[in-house]
Amino acid sequence: MDCHKIIKDTYVQILDIENKGAIATYIPELGKVDPAHFGVCLTTNDGTQYTAGDAHISFSIQSIAKVLSLSFALSLGHTSIWQRLDVEPSGSAFNSLVQLETENGIPRNPLINAGAIVVCDILCSHLKDPKNELIEYIRDVANDPTINFSDKIAQSEKSNGYRNVALVNFMKSFGNIKNDVNQVIDLYFYLSSIEMTCCQLSKTFGYLANGGKQLITNKEILTRSQSKRVNAIMQTCGFYDAAGVFAYHVGLPGKSGVGGGIVAVLPNAYTISVWSPKLNERGNSYRGMKFLELFTDTTHETIF
Amino acid sequence: MDCHKIIKDTYVQILDIENKGAIATYIPELGKVDPAHFGVCLTTNDGTQYTAGDAHISFSIQSIAKVLSLSFALSLGHTSIWQRLDVEPSGSAFNSLVQLETENGIPRNPLINAGAIVVCDILCSHLKDPKNELIEYIRDVANDPTINFSDKIAQSEKSNGYRNVALVNFMKSFGNIKNDVNQVIDLYFYLSSIEMTCCQLSKTFGYLANGGKQLITNKEILTRSQSKRVNAIMQTCGFYDAAGVFAYHVGLPGKSGVGGGIVAVLPNAYTISVWSPKLNERGNSYRGMKFLELFTDTTHETIF
Amino acid sequence: MDCHKIIKDTYVQILDIENKGAIATYIPELGKVDPAHFGVCLTTNDGTQYTAGDAHISFSIQSIAKVLSLSFALSLGHTSIWQRLDVEPSGSAFNSLVQLETENGIPRNPLINAGAIVVCDILCSHLKDPKNELIEYIRDVANDPTINFSDKIAQSEKSNGYRNVALVNFMKSFGNIKNDVNQVIDLYFYLSSIEMTCCQLSKTFGYLANGGKQLITNKEILTRSQSKRVNAIMQTCGFYDAAGVFAYHVGLPGKSGVGGGIVAVLPNAYTISVWSPKLNERGNSYRGMKFLELFTDTTHETIF
Amino acid sequence: MDCHKIIKDTYVQILDIENKGAIATYIPELGKVDPAHFGVCLTTNDGTQYTAGDAHISFSIQSIAKVLSLSFALSLGHTSIWQRLDVEPSGSAFNSLVQLETENGIPRNPLINAGAIVVCDILCSHLKDPKNELIEYIRDVANDPTINFSDKIAQSEKSNGYRNVALVNFMKSFGNIKNDVNQVIDLYFYLSSIEMTCCQLSKTFGYLANGGKQLITNKEILTRSQSKRVNAIMQTCGFYDAAGVFAYHVGLPGKSGVGGGIVAVLPNAYTISVWSPKLNERGNSYRGMKFLELFTDTTHETIF
């Protein structure tokens, strides 16, 4: 396929439709982003990148980073992770407490807030300097030392993250948080504050399209088996209560963030990232979803 | 890969482990099946079949037939189906009424009981003789005129199917059943009674591995796009509250039934069916799940 | 207190305010009632009646009859009733299935639909001709042979009672219905169809203000202890998800019906019934609630 | 009735049965209490006290204090309280978050944890020195300057109160907490730490048996109408998910605490308090419940 042309054409078509939805405002910093931004980057497994629009502007990847913290925890070899987390779709909103109550504080999966908080707790247990080691890990995976947390976003999360504070305390009450709640939630807020451009994002996630190996260097980030399983989790749990819709309309494993970013993977082929800040009613980027639907409708390449 | 050898070797290894779990007894007829049965059949897209064990013994495919009724409804071209059904994983047990209540009688997806009942209602609206036209459709898809309902199983379902009768009446109270509740639930009970061998089952589902086209004849059962979407729905919703576990450990779209059958699809390659009546605690065949895990661990071929 | 004057004055004041709310239309027959009706009758324990407005016009008492079927079951001496029913407020709507699912088919109390259906099942188990024996019992309690079911209402319930049919089948699936579902639900629909005037209603319920004994005749309907407990259940469970509001604003044990009737009891003193068909958003008579609030605000007599 | 004799006889009978249940251990300090304690005190509206057993030993009244903080908030005249709280029974456990999520952070009533936390928030908004003014108010109601918080219990609550910290943060995320979460939860933990003897407890609650007026002094604590309504709320919401059972078996408005205390009110007659630390499976004092059942069975005096 002529990737360059399809990316450009699809971009133009989506740019043409009305930019619907609403920008996330639950943390003040996110609300300041220009809703007109729209960027795309596809990185093939040989490292070639095809871009359109604002592919080189940094944005808050938010929940997309949950895939990276999960990969970090898996790479540390702690198999006990699955005693404290499930791998099932939640069937409910990203920050729901209902299931936690009926399921004794065990989150449904590592890609909802509660699950990512448990992953942060696991990292706190096994790292000496969790915040620094986490960002070093992510720079390493991204093969890009410039990637960083945003202090502004992290502070903004902190000063408004009451529901996440509720989640960590609630799980602590069930015994499923081992470390100090403040340390754990601090790491979580920093995790949520990571910024990348579309090009950095699709390059970073290249290992999930490449059997667990970093693009170009072939350095092992995850084993082949782990990599497949992270893709499986993204497929079933990556879009909160819209995982089925994404599988149905796009057909690639992926993960979205409330900053308006989405990353998706076609195993053995490429990763693609899209960014447009306005969100649909289920909290996923409106134009991002439309772009990926039209893109896979055109390429006919999905995992199904 | 040497399919023949892998199938045989995997079969022997699984046969060797303890046959755990419990046979479904919620309908008396199912309880009469010999729990020692164990059969496998893989059908490649060129029609070749590789078998092991009881691959030629008929069993009740139960919920697996929900994929066929969905395909039938889609092939009739009624796009309004998605106004009456969602495509999201349910996150709960196969016969739960809880979500229906909070979601106004709209089932989460067509592969849980409630959703399959709505599909039966849609078939009742668009067919003159739903029961006969349904079995004719399935014979047609299977390219096998011997496939049939089991009257015994259907009667057994009827005389014990109180929860399904509850579901159809509950949805009727929300206006999401258009026809007479007795007609709809009768069709549903017959749908659940279909019997196939492993070989018939994997051959029948071949169209989902073949872009919507029947194996060998290349007759279009579904369009390529519909076929991908049915696979996507199986992936996210095919195993009740164990969809994530199946994606994680097996990594293929599939569907299970309480008769102990499972069918799974590797798009563009093959379909595989397994049958062993004892179920694990989540209602999926114990040995069937173990077999498929070991099988894809060996082949390294999954959609991820 | 000058009952006569307080009743008249309160009636006039409530008549003066806007008649808000909506008449129940979920069964067609109820929708035909003139929404302007408004009647009140207070019966003191010596049998004196004070009335206002349409106190002598018959209406469908609907769920109010659930108190009578419960009394009947208790009077039969089957203490096992509390193994199949709880006595807790439901905290949810009158026809909710959610709790039934998490609580294994055991209804929260005998005054929600599910609980009353279990009571009907108990009656079916212990009576030879349940329908006739039930109406005979009620005539006996009322000391009035003219009280009857309404065939029209019962048929109307039957042809629209999908949710109640769902409830009985759902409980049957948990083993908490012992008789044929059709027989049980038929009795339930007839129970719901009983018609009384305000004067008949407050006289009938007199035994609950009189330590279990029928007014004037002093015939024992329930023991003193049973009578107190039926009042306790009305107090905590008589108004669906508005039991607390009724306790808070009125302060008497009572029971409402979607026909717009309410009956309330001041133990050792009187029973009072009100009827006005328009319902507030929680399904209780709008003017009925307003009347009782103002009435007990004036008399200062409540159980608290 | 011969109160003295009935109290003594009932006490002896209950002392005789096995002391079942388990002491609350969710906060370490509570776990240190001797489970053999058992005390009773009945205070009639003329101030006479009848006691049995450990009626003069202090214990942690825990949730019983929620009635006092509610009374304080009501006495401040802030009617807006009912926009931030409901008065319905919760139908679920005392610390459930489920309803809060579906009901947008509005607690079901002021006697469950979430509701009492909102009351604390209201007090924080209207008092200059909430902690001191609260204990002064309670001393004033009790007419006893020796009543105090227990710092030990409060600290113990704080160091283990993750679920309550979850609740306050969760409600803050819905906007239903106006003050700093730490200030609010600190007041709540102190409220929960108040200690009284049975005699102090039944005397303190005397105003609820006396139309809102303090016993003997007749000082108005609440208006008559407010007093009735607090009783109504205790009746429907005072025993978590056992409110119906208490109404059914005891028949008095009351409130229990996990310290093993229960207080109950017969309006216009008396208040009675019982203390025995072992709790039944619903979190209410095992011997306390048994005592009150037998007591009202003997006196035949209930509100019903």
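Going by the order they are written in, the chains are A, B, C and D; count residues from 1 in each one.
Basically, contacts are C-beta pairs under 8 Å (C-beta built on N, C-alpha and C of every residue); 3 or more make two chains touch, one makes a residue touch a chain.
A quick note: this is a predicted structure, and the numbers were derived from the prediction, not measured.
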Exercise. Identify the chains in contact with subunit A as well as subunit D, in label order.
Key: none
Exercise. State the chain with the largest centre-to-centre distance from subunit B, centres being mean CA positions.
Key: D
Quiz item: With chain centres defined as C-alpha means, what is the inter-centre distance between subunit A and subunit C in Å?
Solution: 55
Quiz prompt | CA centroid of subunit B to CA centroid of subunit C, Å | solution = 47
Quiz prompt | subunit C and subunit D, separation of their C-alpha mean positions in angstrom | solution = 32
Quiz item: Using the touch rule from the top of the page, what residues of subunit A touch 2 or more other chains?
Solution: none
Practice problem: Let me know each pair of chains that touch one another. | Solution: A-B, A-D, B-C, C-D
Quiz item: Okay, in this complex, where on subunit D does subunit C touch?
Solution: 86-92, 99, 108-109, 224-225, 227-229, 231-233, 235-237, 241-245, 247-248, 251, 253, 267, 297, 300, 302-304
Quiz item: Where on subunit D does subunit A make contact in their complex?
Solution: 96-98, 100-102, 162-163, 165-167, 169-170, 172-173, 181
